[in-house]
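There are structures below to look over.
Here chain A shows up in two complexes: once beside chain B, once beside chain C.
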Partner chain A sequence: MPASLDQEFCLPGPQVISRDFGDEMVVANLDTGLFYSLGGSAPAIWSGLLAGHTGRQIAAALFGSDPATHVTAVARCVSELLAEQLLIPAESTAITAAAAAPAAIAFAEPSLERFDDLQGLLLVDPIHDVSEAGWPVLPPADVTAG
Partner chain B sequence: MMHDQPLTISVLVACWNGERYVAEALESILRQEPPPGEVIAVDDGSTDASAAVMASFAPRVTLLRQSNQGVAAALDAAAARASGEAIAFLDADDLWLPGKLARQSAALAADPALDGVFGHMSCFASPDLPEAERATLRIDASAVPGLVKGALLLRRAAFDRIGGFGRGPRAADFIAWYARAAALGFHWRMLPETVCLRRIHQANMSRSNRPQQHADYLQVMRDSLVRRRAVQDRGA
Partner chain C sequence: MVQTPVQRAVDTAALLQPAAMLRLALPCGIVRLHFATPALGTMFVPAFLPAEPGAETGADPGAETGDVWDIFVTAGDQGTAAPALVPPDPGGEMILNADAAAFGLWMGRHTPTLYAVDLLRRRALYWVARLASVPAWERARPFLPIFQAMLDATPWIAVHAAAIAWQGRAVLLAGAGHAGKTSLALAGLCAGWRFAGDDFVLLRTGTAPEVAPLYATARLRDDMLPQFRALEAARREISGDDGERRHELSFGRMADAGEIGGAPLAAVFLLDRRGAATPQFAPVSRTAVLAALAASTATAAPGNGAARTAKLMQALTGQRPQRFDPGGGFAQALAALAAAVA
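Presenting the complex of A and B:
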């Protein structure tokens, strides 16, 4: 999906959470109960995307020495993140101007692994489906008296 | 092969400031047929009348008291006192349905290879929830597979093998326990019947520390990945 290289992305909602453990980024979608391990340069790509950088900017800033190879790898990583619905295209481009360029790191082939072994527990846990207000709240139009 | 003698069962309840609901929870336990061999309730440092409410169930309920240490530590303290061949758990605000223990006990007795038996669960709006508040909530009352503590009957031997709940992150204690159990070869089945009702009330509606809960979830996932890789490395 080369076009996505110049697109900015954001989280689809509070159901997607992530934590950087240094040697890997763990990402979870509490709506699907799936979780993911991002390895290689994928954590840096994930962080760069969430900071408002495009894939092309990340490829250039992070791994500037071999742009063609790295742009392809970043594009593949972005496509996988989109396919898993961990990111969606951002509507606003306002973030980019404020975001500092990601620091350069050595390139390692990005990897994304998906796991479903905690799915049943995550889906049944009430935390996964609460809004900021708490338990799922009906849209105002659906609220009726009595 | 069916065993002649039913399993002896200990039921463990942890309660923190649950004066409003814990009597109903205990009654739903004591109404089981046959009733469990023992019920151990832990007052986890409540500042309300929870301990007095639970004490009123003596001698059918044994009350333990501790400073506030969280649900996991409270259940582990109760487990240390439990003598049953199987143990079950119920949150102080939730309810069991009639037949819960009998069905699960029969399932465990019928299959010695099983470590535990879950049942389905559903949610209900607590009657004391203000109507205006209840009207804004979308509560799915349909039964779902209850991979939760309250819907489990577990052999004591399996609990001893897997370990207690207190070793996991506080906001994800059961998920951490389950992940550890799965890595150790936890054999369970899910009954089609609904055995547990989860109460939706004002206290559990507000989730004030979600960042910590999410961090704990992600820590459990990370621990699971580390365990998985260790197993793979040993097999390589």
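Presenting the complex of A and C:
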């Protein structure tokens, strides 16, 4: 699905976390067990999207006076982030008004590198999260010494 | 106040008169392990370093000051009834329930085991259906999900990695299973490095990262034994998990095996043997290291994934991890690591 350049996005929930190490942006999706290293201009795009900017705004703000040549790359990056379930379309546009424009940087082809060390282990041992009320409890009559 | 199911399960276990007790000093505070029977103590005590000589006793521990946790260690075939938290289908998959007040984990697939922690009252319960069914890996690193839950409110986390220290500077060795973490860590121990662990170690995140031991054990593959004759006195048993013969080592009472302990963290390496003849370092992304650290850490001690992953991310702030191929010999590998953190 091609990403809309005029759409705003947000995190799908607490299962997606990220950290900017300065020289490397790491994003983790704990539901899928996948870790991602964002490279090139992807960290700036990621930060811009989380600040409430659209892809078109980011391309214009980040990459200077000739953003048209970079719009395609930004759209491709956004599409990848969506496909990996790291972002979802935002329902509200409230963030945009308050967000400062991203600072301009030199363009570098955005990249998204996947690390799946955890994914296979999650598939082997799926975990069922339950609420306190939902914990399956033995009826008292069945609680006996093992 | 209404008791939660976890509180009820832990409180019931707390009524038992323990046959043995072991006192540990961990970063989250003093931990008192109460074993319901001598057999439970015999199985699990060798995995730990007591807080001080004489910390293993059957006597009433008396009053403690500061943060004190109690873990009640029980088993179905040792006379403790199945807690109500044990699900009706005990052979099912994992069930997890974690919030700010309590942590409950049922691991039914491998060995039917319940881990329950009352985080507000600092009490926990370990219950296994049959003592004989406890696998060697659990005997080598017991109660890990409980410790991890206890550490959630601290800057510390138990991570799947080895750690050794030279002259007060520790290296954390991440890597998948069979990457060589145990061999290199034990080689370090034999060569006079301080040993914090070969499988799961404690890592303090934040501005002053450091490593510390959680367990005093190691699991040595059979084919590696001839290279570690110096650790003969630590051999406790031979296990056969997954058809792989291992020598289970316990360092708790081994006076001449070098030093067991922690140190400030100086460097993080992703252990990756690629057949180099001599030790080789290469750049590696933090993401690769995080994925390796998080994988077994999350599956061995599930729960609070976002907060724990954020801790791991914080631990790598300020670090520039490197990929490390140890080459063909331990002495050269250790010399390279020592030079890297000097």
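FYI, the second predicted complex is superposed on the first by the 115 of 146 C-alpha atoms of A that agree within 3 Å, B and C clash if a C-alpha of one lies under 4 Å from a C-alpha of the other, contacts with A are read in each partner's own complex, and residues count from 1 in each chain.
The definition used in the following text is that contacts are C-beta pairs under 8 Å (C-beta built on N, C-alpha and C of every residue); 3 or more make two chains touch, one makes a residue touch a chain.
Remember, predicted model here, so these are calculated numbers, not experimental data.
Of the two partner chains, both chain B and chain C are touched by A:Arg19. Residue by residue along chain A, chain B and chain C are tallied for touches, and C comes out ahead.
Once chain A of one complex is fitted onto chain A of the other, the partner contacts of A:Leu118 extend to both chain B and chain C. Contacts of A:Ser37 after superposition on the shared chain: both chain B and chain C are touched.
Across the two superposed structures, the residue set of chain A contacted by chain B and also by chain C is 17, 19, 21, 24, 26, 28, 30, 35, 37, 115, 117-118, 121-122, 124-127, 130, 134-138, 143-145. The residues of chain A lying in touch with chain B in their complex are 17-19, 21, 24, 26, 28, 30, 35, 37, 115, 117-118, 120-127, 130, 134-138, 143-145. By the touch criterion stated above, chain B contacts chain A in their complex at residues 121, 123, 135-139, 144-148, 174-175, 178-179, 182, 198, 200, 204-207, 210, 213-215, 217-222, 224-225. By the touch criterion stated above, chain A contacts chain C in their complex at residues 14-15, 17, 19, 21, 24, 26, 28, 30, 33, 35-37, 113, 115-118, 121-122, 124-132, 134-140, 142-146. Those residues of chain C that touch chain A in the complex are listed here as 4-5, 75-77, 79-89, 93-97, 99, 102, 104, 109, 129-130, 176, 285-288, 290-292, 294-296, 298-299, 302, 305-306, 309-310, 313-314, 316-317.
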